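For reference, the structures are reproduced in the following blocks.
Both of the next two complexes hold chain A, though its partner changes from chain B to chain C.
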Partner chain A sequence: MNAVKRKNLFVLLCVAPATALFFIFMLYPTFSVFRMSFFERGAYSNKESYVAFENFKVLLFDERFIRAAQNTIFLIVAVTVFTMSLALLFAFFLTRDRVFGGNFFRVVFYIPNILSVVVISGVFSAIYDAENGLLNSFLSVFGKKITVLWKGEDTVIYSLIIALVWQAVGYYMVMYMASMSAVPKSMYESASLDGASRFSEFFNITLPLIWTNLRTTLTFFIISTINMAFLFVKAMTSGGPNGASEVVLSFMYNQKDDGLYGYSMAAGVLIFIFSFLLSFAVNRVTKRRVLQF
Partner chain B sequence: MKKLSLYKALIYVAFIILSITVLVPVAWVILASFKQNFEFYGNPWSLPVGLYFQNFSEAFKTAKMGEYMLSSVVVTALALALILVISLPAAYCLSRFAFWGNSVLNAFFMAGLFINVNYIVVPIFLMLRDGDNVLKEIFGSGFLLNNLFVLALVYAATALPFTIYLLSSYFAGLPHDFEEAAYIDGAGYFETMVKIMFPLAKPSIITVILFNFLSFWNEYIISMTLLSKAGGPRTLPVGLMNLMQGQQAKAQYGIMYAGLVLVMLPTLILYILVQKKLTEGMTVGGVKG
Partner chain C sequence: MKKFLALLLMTVMLSGIFAGCKAKEEKTATLRVAALSSGYEATKAGMWKEVCDAFTKETGIKVELTLEKNLEDVISASMQGGDFPDVVLLATGREAGLTEQFIRDKNLTDLSDVLSMTIPGESKKVKDKLAGGFTDSVATNPYGDGKTYLMPMFYSPCGLFYNKGLFEQKGWEVPKTWDEMWALGDKAKKEGIYLFTYPTTGYFDAFFYALMYSVGGADFFDKATHYEKDIWDSDKGKLCLDIVAKLATYTNPKTPAQANDQDFTKNQLLVMQNEALFMPNGTWIVGEMQDAKAAEGFKWGMTALPSVKAGGSQYSYTWIEQIWVPKGAENIKDAKKFVSYMYSDKACEIFASRNAIQPVLNVSDKLNEENKLFYSIYDNGAKAAMGNFAAYKSVAGLGSINEVFFDPINSLVSGKLTKEKWIEDIKKANVIMRENLIKE
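Showing the complex of A and B:
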């Protein structure tokens, strides 16, 4: 066996298992999502019949789906705005000012990120419990007894937002701290000599200089919020009460439980395309000239 | 100067409030796992009257958490072993060898970063169920669903894009002198890879192990879908979720919080041990999917 053949064989042996697994368990299922959305499939047999865009047509007039789509969009916007601003501000304070115990705060804020979503749901059901919950009993300290139904139909979506932000802030804060610490100290020093406030330092120095990193994380964050919202809904509320906290992915998953596979996949296709278009749009809108430092 | 200290005070207040919202609920859950059932009907802020360890033994026995924990350990360990054995050679070759199809494969794995498992869990389930039906006709029984090894394999497969991306970018940064020296000394490709290059990539391997451990241990959607047979194997988070959803009816709070602590404790301990590596490792690969 000559040297070239030996090298090729080596490369083949190294790459083949990963490629095979990737094709079987990722590419083929992704392809299936799109293909199955055009079919109707028996709940227990694997007989399929082609229905063209029928699944999509029904979907666009399904009130439960529309509600799930609205909830998803609302969650994306609210969670992104709150998480990003809090993470950026906290990261700025921790890198810009010598905060006493800064390391402690960094370690603590990151904790939610390592917990299972199921655990977080358990923690938040202890917090949100209407009768003996931590939140209601804490609020009751200030006077009259409070029994807000935090997982009620009107409030559940806000309760979800709080849980999602709580989970994500620390992770993104640590991420931004890393990129902010690359901003040269001299920039801040000259700015403060010119009398710039912290406020203007943040907007005129820090933000523009970490913009590239911010853009990338924003794109990833939007995609991940769609997924995290699903994980939280599934473990915390099961979409209830009355569909008030249903998101598109949990809607998709529930259709699968009912054996409506084609319909379920059509919902999957829509949210898939939506998430791509949204990240693409965000990427375009946030495009700025890259600053060097 | 006066203004600055007021500003600092405000920052501290914000930080302390946020720390409290993280630490207090976590500590509360740990304390609650030692409470007896009647204590849950009183003031939630009271400390447990005693250390009621029976919650844990009940969780282990009646709620089968011990059995689930064993499944979780098996699945996580298997999936970690699989991902390392499969992704290390692949990442090494993809980043350091020029071969036919290299750039196409790299592009595929990069695209894989954007495929989230929540979208494809239903087709994976159907594929395995169809496979089981075929197996049933031939052998009389299927073994693809409700199988811990298959679950570990799916975990490893879905973690491939992120893992290969992270390892490749690390391998790509290593100088070529090491390999050249090894080849001159007469080492083969395989020997060079395993004995020279893998040890050099240790920091990135540790990062990969940490992140994948957390995601495999905490995962529950795939596990819930692929292990669905009544009385069949379960992983710990799914077992806990069933306990939580049954809990409203039976009001077994103590056991539920004991289960919660069982899921949470390994990750917390790991985090305390390696928190520096974890938060530094995040920036090795740029972004996590």
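Showing the complex of A and C:
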């Protein structure tokens, strides 16, 4: 055995465990999801029957799924827009201006992120209470008593958005603060000598220089919103009232409980493809020339 | 030296092998019991542990107990891998519907012979101790073939719960017919109290079963729960749905926004704080809400469902928690022995000490004051309603019973859904459910 062969063997042996784990725990389950979406079976019996694309055909016309998909897309768009803009804004002010108690705010904004979803749902249950809730009591200060049903059918999705944004802003703010503080001060100084306003400082210096960071976090965030939405729905609303806050993942989960494993996996496949395409699209759209400083 | 070391290692290895053997032997001799840790366990923990210990003492069979609040989540993963517990205590009608899946897949062991088994440590047979009528309904014989696949474990009367103190204070009578109910609703509304609320729409199942009985008796109930053709176009069917839809208009408008797993206790509070008069619930409510702040003079009261006509029958649904043995269980013989032991005097006593009441003869001696009041509902003229919707093969896109019948009530209350659309959806689902009915 010569040296090259030996080295190759060594490398192979080093890589083997990780590769094996990857195959067993990533590729095989993913493949199984795709395979099972063509079958119909209960969760606890191994009788299964091949139904080809039947699950997908039904799924695309299932009112509950369509509603869940609409909710999910709305959540992704709204939560991303609000979280990203708020996080950027806060980060910009906290790094650029020596805001009084800046570090304090940094900690306060970050706290929601270390709370578990169950705790958050408890907090928001108190905030959204119709009678004695924080929000309604606060709004009632300005005049007549307000009893908005925040978790009612019309408003429940907005209530979810608020909770999701509140939870995520701090984390992304800290991320952006880190990259913003790396932007050299001299750039801002020369810009202000040229008479640049805060507004143009933000859009012409800060944003382009942290773009790589922004791009990565954006993809992360969109995917994580799909997952977080499920957790929030499970803990806060149980998908109700009457499916008004159902999202695709909770739909998928419920189908499993109804004993429709294949159908549930078909929903999983669609979610997989959707997330994949979405991250691909986001990656493409946000592609810019990388700036150095 | 080397030899000695080799010998030593060899011994270690061999003992390891034998250790493995022993562990395996033990495993087959142990009975694996999975039970839901419900409200009874919350009152005073240790109920199941005590019963299992008593069983081991009596029979020498070791028991490995899994006791969880979210039992479905804990045991379902290994069951999907084909590893089943020997005995499961988990009722139908839970949100995850795990028991229903076992019924649908015909994955249960026939327990009919348990009825004629002699209870370990006693001379009586199981059927001699069971109260009559409890092994006759779909709840225990899911395929309607006279075979018992699920044994009735605990039972509890369900009905409409209200603030007895408020009724005494105002001098109101508890309505006996739906007409009196609506009249009371109008009267209470003038004082700012709504007639009705519900914790979550899931609580409508017991309500709706009792309603079907009171509208059309056992005959109509049987037809409706087996999805008979055009059943919701019949006069009785229409009346059932009309009552629910009308009740939705009398419901406290806050209810749907709080009808989720996080906030349902707020709906229960509505009754305790005189914002709504009635709600469907079960006897566990007393323990569940014992720490909540109620209105002054509050006292729990429970009534059966009003009758349709004056002098008609009032019904109260009997909620049964079942115990069953999966078909894939390894130790079916001992599992049956364990199930039969559940009806022994010793076990009944332990269960009753936590207010978990079993359908055995003379159980009423073991009740406490409050429970005597609830469990005496059948002695005071109400009839017992038992059974549930028959199992049907799951169909993609159809939705569960809850999703079709009861979840939309949230939208009926908030006015986002018309009664006509609701009924139309039920009729459509009824056709598909009938086509997929599981028959033996």
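The rule is simple: the second predicted complex is superposed on the first by the 264 of 293 C-alpha atoms of A that agree within 3 Å, B and C clash if a C-alpha of one lies under 4 Å from a C-alpha of the other, contacts with A are read in each partner's own complex, and residues count from 1 in each chain.
Here is the rule we go by: contacts are C-beta pairs under 8 Å (C-beta built on N, C-alpha and C of every residue); 3 or more make two chains touch, one makes a residue touch a chain.
From a predicted model like this one, the values you see are computed outputs, not experimental measurements.
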{"item": "Combined model on chain A: chain C and chain B, fit or clash", "value": "clash"}
{"item": "Partner chain in contact with A:A235 - chain B first, chain C second, else both or neither", "value": "both"}
{"item": "Touched partner set for A:M252, first chain B, second chain C, both or neither", "value": "first"}
{"item": "Partner chain in contact with A:W166 - chain B first, chain C second, else both or neither", "value": "first"}
{"item": "Touched partner set for A:S186, first chain B, second chain C, both or neither", "value": "neither"}
{"item": "Partner touching more residues of chain A, whether chain B or chain C", "value": "B"}
{"item": "Which of chain B and chain C A:N2 touches, first, second, both or neither", "value": "neither"}
{"item": "Which of chain B and chain C A:M265 touches, first, second, both or neither", "value": "first"}
{"item": "Partner chain in contact with A:S49 - chain B first, chain C second, else both or neither", "value": "neither"}
{"item": "First, second, both or neither for A:R64, with chain B first and chain C second", "value": "second"}
{"item": "Colliding stretch - chain B into chain C, listed as 97-105, 169-177, 205-213 or 241-249", "value": "241-249"}
{"item": "Intersection of chain A interface sets (partners chain B, chain C)", "value": "46, 121-122, 125, 235, 238"}
{"item": "Touching residues on chain C, where the partner in the complex is chain A", "value": "76, 79-80, 82, 95-98, 100-102, 104-105, 107, 200-201, 253-254, 256-263, 266, 326, 394-397, 399-400, 403, 407-411, 414, 416-417"}
{"item": "In the complex, chain B residues that touch chain A", "value": "7-8, 11-12, 14-15, 18-19, 21-26, 28-29, 32, 40-45, 85-87, 89-90, 92-94, 97, 99, 105, 108-109, 112, 114-116, 118-127, 130, 133, 153-154, 156-158, 160-161, 164, 189-190, 193, 214, 217-221, 237-238, 240-241, 244-245, 256-257, 260, 263-264, 267-268, 270-271, 275, 278-279, 282-283, 286-289"}
{"item": "Residue ranges of chain A in contact with chain B within the complex", "value": "6-8, 10-11, 13-15, 17-19, 21-22, 24-30, 32-33, 36, 46, 90, 93, 97, 99, 104-112, 114-119, 121-127, 132-134, 137, 166, 169-171, 174-175, 178, 198, 216-217, 220, 223-224, 226-227, 230-231, 234-235, 238, 249, 252-253, 256, 261, 264-265, 268, 271-272, 276"}
{"item": "List of chain A residues in touch with chain C within their complex", "value": "40, 42-47, 54-55, 58-59, 61-62, 64-65, 121-122, 125, 129-131, 147, 149-154, 156, 235-238, 240-243, 255, 257-260, 262-263"}
